[in-house]
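Sharing a structure with you now.
Chain lettering (A, B, C and D) follows the sequence in which the chains are written, and residue indices restart at 1 in each chain.
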Amino acid sequence: MLTELKREAYEANIALPRHGLINLTFGNASAIDRAKGVFAIKPSGVAYADLRPKDMVLVDLDGKIVEGKLNPSSDTPTHRRLFLAFADIGGVVHTHSSHATAFAQAGREIPIFGTTHADYFYDNIPVTRKMTVKEIGGGAYEWETGNVIVERFKKLDPLDSPGVLVNRHAPFTWGKTVAKAVEVAVAVECIAHMALMSLTLEPKLKTIEPELLNKHFKRKHGPGAYYGQK
Amino acid sequence: MLTELKREAYEANIALPRHGLINLTFGNASAIDRAKGVFAIKPSGVAYADLRPKDMVLVDLDGKIVEGKLNPSSDTPTHRRLFLAFADIGGVVHTHSSHATAFAQAGREIPIFGTTHADYFYDNIPVTRKMTVKEIGGGAYEWETGNVIVERFKKLDPLDSPGVLVNRHAPFTWGKTVAKAVEVAVAVECIAHMALMSLTLEPKLKTIEPELLNKHFKRKHGPGAYYGQK
Amino acid sequence: MLTELKREAYEANIALPRHGLINLTFGNASAIDRAKGVFAIKPSGVAYADLRPKDMVLVDLDGKIVEGKLNPSSDTPTHRRLFLAFADIGGVVHTHSSHATAFAQAGREIPIFGTTHADYFYDNIPVTRKMTVKEIGGGAYEWETGNVIVERFKKLDPLDSPGVLVNRHAPFTWGKTVAKAVEVAVAVECIAHMALMSLTLEPKLKTIEPELLNKHFKRKHGPGAYYGQK
Amino acid sequence: MLTELKREAYEANIALPRHGLINLTFGNASAIDRAKGVFAIKPSGVAYADLRPKDMVLVDLDGKIVEGKLNPSSDTPTHRRLFLAFADIGGVVHTHSSHATAFAQAGREIPIFGTTHADYFYDNIPVTRKMTVKEIGGGAYEWETGNVIVERFKKLDPLDSPGVLVNRHAPFTWGKTVAKAVEVAVAVECIAHMALMSLTLEPKLKTIEPELLNKHFKRKHGPGAYYGQK
């Protein structure tokens, strides 16, 4: 069932260590079939080298396992929360990539300092508020992780800001497809690395000028985009 | 004799350079057979590329070489001390991985800043006190290195804190199996790298909130764990 | 048409990710045939792994596409501007290599601290002024990017300073051939990394002494050069 | 002639990029036959990928080319100076490895902070004084580079301190064999990286205690050494 969706999710998962975004088993990717309301996600704690397309677990938007012998990722409720809240996304990626996680641990947004960042995000990369004792310990920790992300996006467009840092934790990214979510995950790590170094050079560095941000983001997104092939 | 144990130790040793934890010959791994009271350890100063399973040296808990033509690692007495003190561990790994060693050289614990750390350790990664002139020069330096680790763990559970930084030296990690000790060594290096960057961003960053620490550690360890497969 | 030129441009483009200078599709290289007034450049937004020599787009110095089914790089007008202004260069390379981009984002020149830098540049690696709202939004952004580079070089020899950081953006490099421009791009990234670390060690570090700069630059460039083979 | 010596020098040269110590063509290695007074060295500016054992150039201790069609490395007089001054060394390696070069550019010794350093050097890694205008411009720059190294070692044993940072330039290392000089070059880069990070953590960090330095250095060097195999 949904062989193509499982393959798509599988390809995204194995791309993560290849891009140097994953140590050990810290990460996962999922892809959704909106018509069926079912998403395919990595099984929990399985080494990337051992993963096969058919190991992907199929879960519906109520959280019920539709197909699969293995436990889905422990982060499955976070993915589900995001698929429910952000109607236009087709895939979600979670990594503990080192530089982005350093910002997340410090509870800091990644300031938008240059055009690389502006090619992917229309603002700083946001960070969630810290979770409360009740949200953490109340028995639905991973679902509540999704909730604090959704709360942070109350006034943000998830396609203008296709990712977030979960406070004390690590980045989540998304996109129209899971392949795009992987691409954003690569960009976020690269952007975090460069931002950290720019801050080392200029601790009080101001963020990018609005006109340059606008130009670069719009060059790649929306009706006036002219980057890439038609 | 103990062919399987030697293979297990061998696999752990050659995994270390593959994970980027080892430069040159700086490191070693050992695996113990508790029933026989014998452990298999890397021979001293042999290049990883030249290593074969049968080169592993078998040593008993009195420090006597049971089998093997090569000298065992010069750190063998440290491994032996840890196997004697920590009854539940099945393997020990020593590396000079760069970021963890930077903390060790500075005599600093690695502060617990995020969930990646909390997935592996239930507290800061501890550092030993400095060794005395007598401990260093008294003829049993490597055994005394084990002793200062054991002293540091007087009030710590070695499975809640499956590793340590030896002051001025480098990390040792352990686990129920030597494969797990390798996994912890990878995690320690990654955690050290991210902690160093978080400190660059926020020199006065506070450590993780207790409820989040508890949640992440218990998600992976103990009776309520639900990460991974059954 | 111009098969050899397209191959040269292709080889330069695929060398960029191999040297670790490129994440995703952030970069491009072009090579010019001065006799024909035509240059070959990477198509826009195509993954490096999928690129073939025949995908290179041929563009003339008026900006007209001479051959090619794909859209040329969105940065094509910047390359064209540089080929028009700097008569002696045969190739242009643009990357978002991490360390050099960190300086560009901060609007900082890369100070010349050692002989590695002096082997390639006769001075600090320059940075352009910020672009105006009109230059960014007036409909010819990439051409104007070339213009601020040319403005910065009013008193500089482009072969003595074979590269530049575009403010808030990233490096461009060039050379007598596109292969040389790639070599300079590698050097710029390496120089930026080392300069950042030297600044960490000595925030007020002075630049290299003139006689040593002179010696190293002239050892490799100009009539008295004696580095390499005849 | 001297086929084995050329192979030894060749193997050392191609090991340098494999260990990540070399960008482009920044580096060279040489091996000497003391009985014949001849050393084999890399040709100047040849890419490592294109190098063959027979390309090594044979040079005698007067600086005369004994065999070889290519120009020897432009750093040949520095190697020659070191072979003349340090009677016990069999090989010399020069790299621009990034972290070590960052210290050299800043004119800073690498402070001895831990046992990794003490396994290779009996003190801080020394840095030369800056060269004078006359030494740089007098026509024998590379020979004078050797001279400032030799001057720095007036009171140092070159086997207790098997390497140096040339001020504003980069590291040179040596050893009883050129393979050992390569090993030291790897260690120097790793030590520099860790020292830089330890300094980030503790800007006023003191160097290692004498007894621990002594223990680690002597564990590997001299009559009481017990590391490795007999």
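Keep in mind that, in the parts below, contacts are C-beta pairs under 8 Å (C-beta built on N, C-alpha and C of every residue); 3 or more make two chains touch, one makes a residue touch a chain.
None of these values were measured; they are calculated from a predicted model.
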| item | value |
| --- | --- |
| Type of subunit B:subunit D copy interface by residue overlap (half), same or different | different |
| Inter-copy rotation, subunit A to subunit C, in degrees (Cα atoms; steps of 5) | 90 |
| Subunit B and subunit D, separation of their C-alpha mean positions in angstrom | 32 |
| Approximate Å spacing (C-alpha centroids) for the pair subunit B, subunit C | 46 |
| Of all residues in subunit C, the ones touching two or more other chains | 200 |
| Chain-to-chain touches, reported pairwise for every pair that qualifies | A-B, A-C, B-D, C-D |
| Residues on subunit B engaged by subunit A in the complex (per definition of touch) | 113-116, 119, 183, 186-187, 190, 193-195, 197-198, 200-202, 205, 208-209, 211-212, 214-215, 219, 226-230 |
| In the complex, subunit A residues that touch subunit B | 23-24, 26, 43-46, 70-71, 74, 96, 98-99, 101-108, 130-131, 133, 136-137, 141, 168-170, 196, 199-200 |
